[in-house]
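I've put the structures underneath this note.
After this come two complexes, each holding chain A, first together with chain B and then together with chain C.
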Partner chain A sequence: MKLSRYKREISAALAYAALLMAVGVASPSFFSAANLSDLALNNAPVLLVAIGMTMVILVGQIDISVGSQFAVCSVAAGWLARSGVPVPLLLPCVLLIGASMGAFNGLLIGRMGLPSIIVTLAMLVFWRDALRWTTEGAWVQDLPTNFQWFGLGQAYGQLLIVAVAMAVLIGFSWMLRNLRQGRAIYAVGSDAEAARLAGIEPPSVIFNVFVLMGALTGMAALLNAVRFTSVPSNAGLGLELKAIAAVVVGGTAITGGRGRLLGTLIGAALLGTIGTALTFAGINPFWEKAIQGAIILAALAADRLIDEWRMRNQQ
Partner chain B sequence: MKPAIEHSLFLIPPWYSRIFPNNEWVLLIVLLIECAIFALTGSNFLTAANGFEVTRLVVEVGLLALALTPIVITGGIDLSVGSMMGLSAVVMGSLWRDAHLPMPVAICLALLVGLLGGALNALLITRLNFPPLIVTLGTFSLFRGLAEGLTRGIENYSGFAPQFLFLGQGYIGGVIPTQLFVLLPAIAVCAWWLHRTIFGRSLYAIGYSSEGSRYAGIPVTRRLGFIYTLSGLAASLAAIIYVAHLGQAKSDAGTGYELMAITAVVLGGASIFGGRGTVLGTVLGLFAIVILQNGLRLSSQPAELAGILTGTLLIVTILLDRFSKMRSSHRRIHTIAEKIEVKNSQVAVLSAVILIAALIVAGGNWLLAGSMRQEIRKLAGIQNQNAVPPTAVRKPVIAVMPKAKGDPYFISCRKGIDEAANEQGVEVLWDGPTDLDPAKQNEVVEAWITRGVDVIAVSVENEVAISTVLRKARERGIKVVTWDADSQKDARDFFINQATPQGIGYTLVDEAARILDGKGEFAIITASLSAANQNEWIRHIKARLAEKYPEMKLVAIQPSDGDRDRAFAETQNVLKVYPKVKLVMGIAAPAVPGAAEAVKQSGRTDVKVTGLSLPNMCKPYIHAGVIESIVLWNTVDLGYLTIYASRALSKGELRAGDSQLNAGRLGRIEIKGDQVLLGSPFIFNRQNIDRFDF
Partner chain C sequence: MPRLKHGLRMTDSPLLEAIDITKSYAGVRALSNATFELRAGEVHALIGENGAGKSTFIKIITGAVEADSGEIRLLGEPLADNSPRVSKALGIAAIYQQPALFRELSVAENIAIGLEQVESGIRIDWSERRSRAVDLLAQVGAKIDPDTEAGELTMPQQQLVEIARALGANARVLILDEPTASLSEEDTRKLFHLIRELRARGVGMIYISHRLEEMPMIADRVTVLRDGHTIDTRRMIDVDRQQLIRMMVGRELSAVFPQRQVETGEVVLELLGLGCVAAGIKDLSLSVRAGEIVGLAGLVGAGRTELARTIFGLTPADSGEILLRGEPVKISSPAQAIARGIAYLPEDRRRHGVVMELPISANITLASLDGLSRFGALDFRREREIAAQYTERLGIKTPAIYAPVSTLSGGNQQKVALSRWLMTQPSLLILDEPTQGIDIGAKWEIHALMTELTSQGVAILLISSELPEILGMSDRIAVMCGGTIAGILDRAEADQQKILALALTPALGEVDSTIRP
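Take a look at the complex of A and B:
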């Protein structure tokens, strides 16, 4: 295994290590088990969405409607639970709802060949306002007591959420690397025409990726919702930008065809830690957004600098 | 996905595809349909005054969309423009107020900031060769973050000179909004530049193939650098107009404007892959969206429909485009040329169409509008709820605006509003921004003035921003009350006062002191860091602490952005970083249950939660003993009283100087000066919470 193949992941990991070191020096209690498990739990939903987003970006598309889909799935999960759907059945139901929203995107983008940024921009406003219209902003309350943590209790529930997120990450990572369907995503993202000539059907690959994106968004929404006893109607605002930023900081090329889920994991961890790290380091939260933006740009610049440095060395 | 270049370049396409190379006529039809529908269903939609109001609203987004058009044509995108507006606004405000620079200098420096920000994007995109989407995603966070960091979220610059405010609020010749004289030349110059100059045409070439353009001798990096810098400049110009329009500069200026600008551009037929797009299309796209919003408001349809319809419209137009492309690509091979050259005569037509579109939109046809109104009214008598037969007694129309429509707090107020409206037989219009947004509040009030209502009742998000437009409403003879949060005193007749910021702040601290026994550390979870009301409360909280409870210490103020999940995560952090904190105070409705859940999951039974929230959200936690108490007033009663006071005002039963108001089931309510008093804030705890359901 050549290390240089992983240079993008490595530069993100180095940035993450630097951040952890800085906050570790400022406040060693950051590394307490309780804090690390809270961080993992709070970022698991973003990670799940970012996994889907990685595949969408790998195939050369983008999805900015995930935040609105997330909200729709959260509220749907709440309504289903309140109307008496047994808790174990919630997951398939919500996955189905998410997958159908994703399938609609996939239909327009994959089958019809419409540009993904416009389709998902339309769905971003559509789902958000449709949800506002139906809920009128009301939260879903009075959920059955076994809704929280699927009725497993806090410790097991937390474990389950992190375990599911990790399993999904590893599963998709393996699929992208080893399965024909996974490799097809890279092929279509690199050059759709070449992929078509090689016997792959780009429309159906793109369609499938969007279905998966929707299903993963649904899963993220449900796993996030069960951490609480009620469901707010405005969940997931700005989630799409968080997920895209995590994917990009993790070294996936926005033009498609290049990137790994390992990088996405590092990217999601890096961006998800900044806010907490600032609080621990005693820095004013006013600067959080500025620092986030700077880190995205710095990750890009580092990437380019490493490239140039390697070029010089080769000469 | 780039359009294939055809061989038959020399055939002249028919006139309609020269003016509308990307099927922009679809939008013209959409616009006409919108106008027709809203003329029937809306009140005073087709009037000159409304037309000009609409153009006032499009200026800021219009400038962004104009600058975005060339960027999209080259296949790029700029997400950072909305954030740049925030940064330019606060830079201008702080230079003017804190550095005491004269206004023109501050404006120039703000423009310079826009220029520099744009140049930063340009540098990263052209020199380092990064994808524009990612670069501007980064600067989207960076610029907004800088604006928040520089102002600590709290600074709110206002009190600008009238000459400056004239730019955003004034009328030239009595009817034409000043900023129209910025937008129209901008459209004209942009159209000429993009379609008529070598520079502009070269952008299309870059969009088709940037590599090919380079071989053809076009300096691609310089051209790209120029348009991204221009976009930054346009954003700061938009910021200046925004500030003049609202009369205040704050770090949240222009939030979400980038999405609206992008929507306008792609709706206008520009291809996101580059190489296609016209200024005419962008302008039509812009008006299609803004007229939709304006028309829905005037015909009292839910504002949420705007998003649903805009989304549908976007998909339908690109689908149409797709099908017409597919159809013509079968035929075209030998007939129609793909590449379209624009001639002088066509530019004349183009400008004429722009003007006509503006005129349609401006409802410029006084005569037609006036004479048709009668006819339309007759025709629409059945559908139109407002066209009540002359024999029936006209119900007073009371327009009520919350700070944000989807906020559970205001939804509970609405219960009381509907209850009182039924009892009193008044018609209530309920509309407002979907998220906290002072600019949107102004838009809604403007629409109500145009529509013509009897009373406007506003829960004010930002007192400086809204007061100008409320004064305008009073000049037109509309009664104005404020409820929940007040405007400037001369901008309204009465304030339905449920609690002053001071009262809220003091009650919160007193309750915290009771729980903590007057000593110890506590933390606050606020809404967003730039939320005006919360910052006002925090000021009073600090004052009360300094004055009365020296042994209590406020150790942290963390933002929740009105998001329950964020409040949860922030509380977890606070509990770990400040182990001595024994009380978490949430001062936004979703922050309290979020904080309570975090405390509950941490297992810390020694930490209590209090704050300002709604009983129903907090009930389970209050019963579980996690939330000690919450401070609030009866929001249902607040809505109820607002309607009673508004109706009395419209009937002339409530006049300045009165000392009492008869308010239905609430009995006699005290009036003090120009304030109708609901009573002091109420403390909900385990004993009394089950008596309330809102």
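Take a look at the complex of A and C:
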């Protein structure tokens, strides 16, 4: 009985296990420590964004501007570091920048009730082009040497990025389940009017979720930037799709109100592994995107089948 | 089939027969050997508690689901391979409680859908479409401009459009599923008038309703379903309300409404000249005492729900005063109302009373999460205990308290919604149509619970469109008309005529001048 509540996570995990097994058979070197840590590092920022995206989708909204926000935060982190802001202060600065961009989305969507898909589409274009105009396409280079503070500098420092992402995941998991505000996210996502009648204020719940989304995007941008010697001005292209796909594959209902971060973790891992797995299996990696698309469709179809099966069992 | 002529009365040959219909869902019997017969020019009431099998029966007739065994015959011919398309083509139409019109389309277009054959390349004849709509609307006695968008019509008007559409499709079997559930007394009377006219034209009608008091007014025969079995079919003039209830529940209910002897206490809620432009409320004064049930009667559109929403902070008042225990308060959001001890059970249970996806336990605690937190985190053990406690106290039938509310029946969902408000320990409980569309057993339990609450000193404001419920439960009855109170009646002096007369007070509301009490 208890296990059946996790059926969506279980089916995603089974799919992931099948993928790992297939790759393991085709190419055992896939499981080398270097490859696995590379995988984890590359996907940790995506996971952070997907955590925020899970909450945005749970509350019944969507945010397609995260890729552009990510780029703004990345470049801002580079500039701040170059202009002499001490490295330990970078994190609060970037969190604040991300949260401000999220707050702007939250204001328009939560407080003014504008549709999130259009608002964030506008912000996607706005931030991306504002950045292009400001940087004129130039990458941020000549970063201070200590910028790679827990990045390139230390061998094990890199894994700290993964640890931070996992800690954030566990923290938000706990909060979604155990805090009043977490319960409110589910309630607003299922039926905002019913939540309002129960004394919850959907506008502030939605606003807060977008602020968190922005802050997590900022954190992801910083953790990604510190791994490299320069910051590209076109960072985060297509990030929104990766994050939304991870959430959906993880079993969160796109209509809101149902889902868990555990599923998002599995979804992010599954989608993040495919590209590398293809290379190891000797398949042309150009297939990566097509296979990711197929997995998203399969997840949606499986979701529907599970629902129908449940309905039949109820009757 | 030969067209039935004007003025034809109930015939003896059956129009529609259902013989030994059996249907199971995943091993659970919804119908077992149900039998039913409808004649042309007959209004045949179909009654039974929720879960008795009425909906399944209707779905089988309209072809939405397939029976496991048994046979449906239309004019003696077995209905093979029934589907919504087939039944519609044969002249079977159903009208449900919630009108199913396309809100963005005009009335004429709504009527045209399903009547016109769509062939590519052929131009739509707008003038013909319009004139047919005018003709059909006239037949149902509706004064509706066919160019209006359906979404702008009132609920009763939408119902008329649906009936007009059914007439356009030459319906000879018309199924009316709870057609009066959301209608005021006046609109109900108009609908009955129309039903009688259709009957005279030879249409056979299956009439489903929880309102037993309507039956003698409209039905020729009545069939009672219980647990999927046909209990009996009788002529309406041969049975009374008590007998019907006995047949439906299979046991005698001691009284339809629980007896109540409660000393009322201090004034909990007092409204002084309350007004809200957005809600259409004006100059409204009313008081409710601890332990008292004040019934709010009135026609649909009189402003009863709007008043409840104003008190609860959904549409905050912009003039006048709200006093809680003598203290003037300003309530501008539901959160503030809840903090002040006000609870509001909304009218539309399916959409807003409960959160369908959330478990029963989370639904019950949703309005009291602050009190449930310990060191900032939710106390799951206490939540389980509380949920179990309410599930037992209100008799919520469920296998598990963490099952989503969507898995429960309507009556049980309503009990979950009520539990949520009981947990906030309100001093004022506003109930908006608390027993609409739920079965008699659950209804009785909710009435008993209201009685219990008043004995604990809760003040209750009861909104109901069912006059017997208002009369049976209230200590005082406030009748609304045109956004304000038209008059207040004591329990002893109140009767249906007096309430209706007040509800139709012409000076107060913009009531159609042709309507007379």
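Operating definition for what follows: the second predicted complex is superposed on the first by the 298 of 315 C-alpha atoms of A that agree within 3 Å, B and C clash if a C-alpha of one lies under 4 Å from a C-alpha of the other, contacts with A are read in each partner's own complex, and residues count from 1 in each chain.
Operating definition for what follows: a contact is a pair of C-beta atoms (placed from the backbone, for glycine too) under 8 Å apart; a residue touches a chain by one contact, two chains touch by 3 or more.
Just so you know, these numbers come straight off a predicted model, no measurement behind them.
Judged by the touch definition given at the top, the superposed model places A:Arg180 against chain C, while chain B stays out of reach.
Measured by the number of chain A residues touched, the leading partner among chain B and chain C is B. In the overlay built on the shared chain, the residue A:Arg312 is in contact with chain C alone; chain B does not reach it. Of the two partner chains, chain B is the only one that A:Ala122 touches; chain C does not reach it. When the two structures are aligned on the shared chain, A:Ala301 is found in touch with chain B, with no touch to chain C.
Residue contacts after overlaying the shared chain place A:Asp191 against chain C, while chain B stays out of touching range. If you check the complex, the residues on chain B that touch chain A are 1, 77, 124, 128-131, 133-135, 137-146, 148-149, 152-153, 259, 262-263, 266, 271-273, 302, 304-308, 310-312, 314-315, 318-319, 322, 405-408, 410-411, 434, 529, 556-559, 561-565, 568-570, 572-574, 576-577, 590, 593, 597, 601-602, 616-617, 620.
The part of chain A that touches chain B in the complex is made up of residues 27, 29, 32, 34-35, 38, 42, 62, 108, 112-115, 117-119, 121-126, 128-130, 132-133, 135-139, 141, 154, 224, 227-230, 232-235, 237, 241, 244-245, 248, 254-255, 275-276, 279-280, 282, 284-294, 296-297, 300-301, 304. Taken in their complex, chain C has these residues touching chain A: 25-26, 28, 312, 314, 333-335, 337-339, 344, 346, 351-358, 362, 366-367, 369-370, 372-373, 376-378, 400, 402, 407, 420. Across the complex, chain C is touched by residues 1, 5, 178-180, 183-184, 186-187, 190-191, 193-201, 257-258, 312-315 of chain A.
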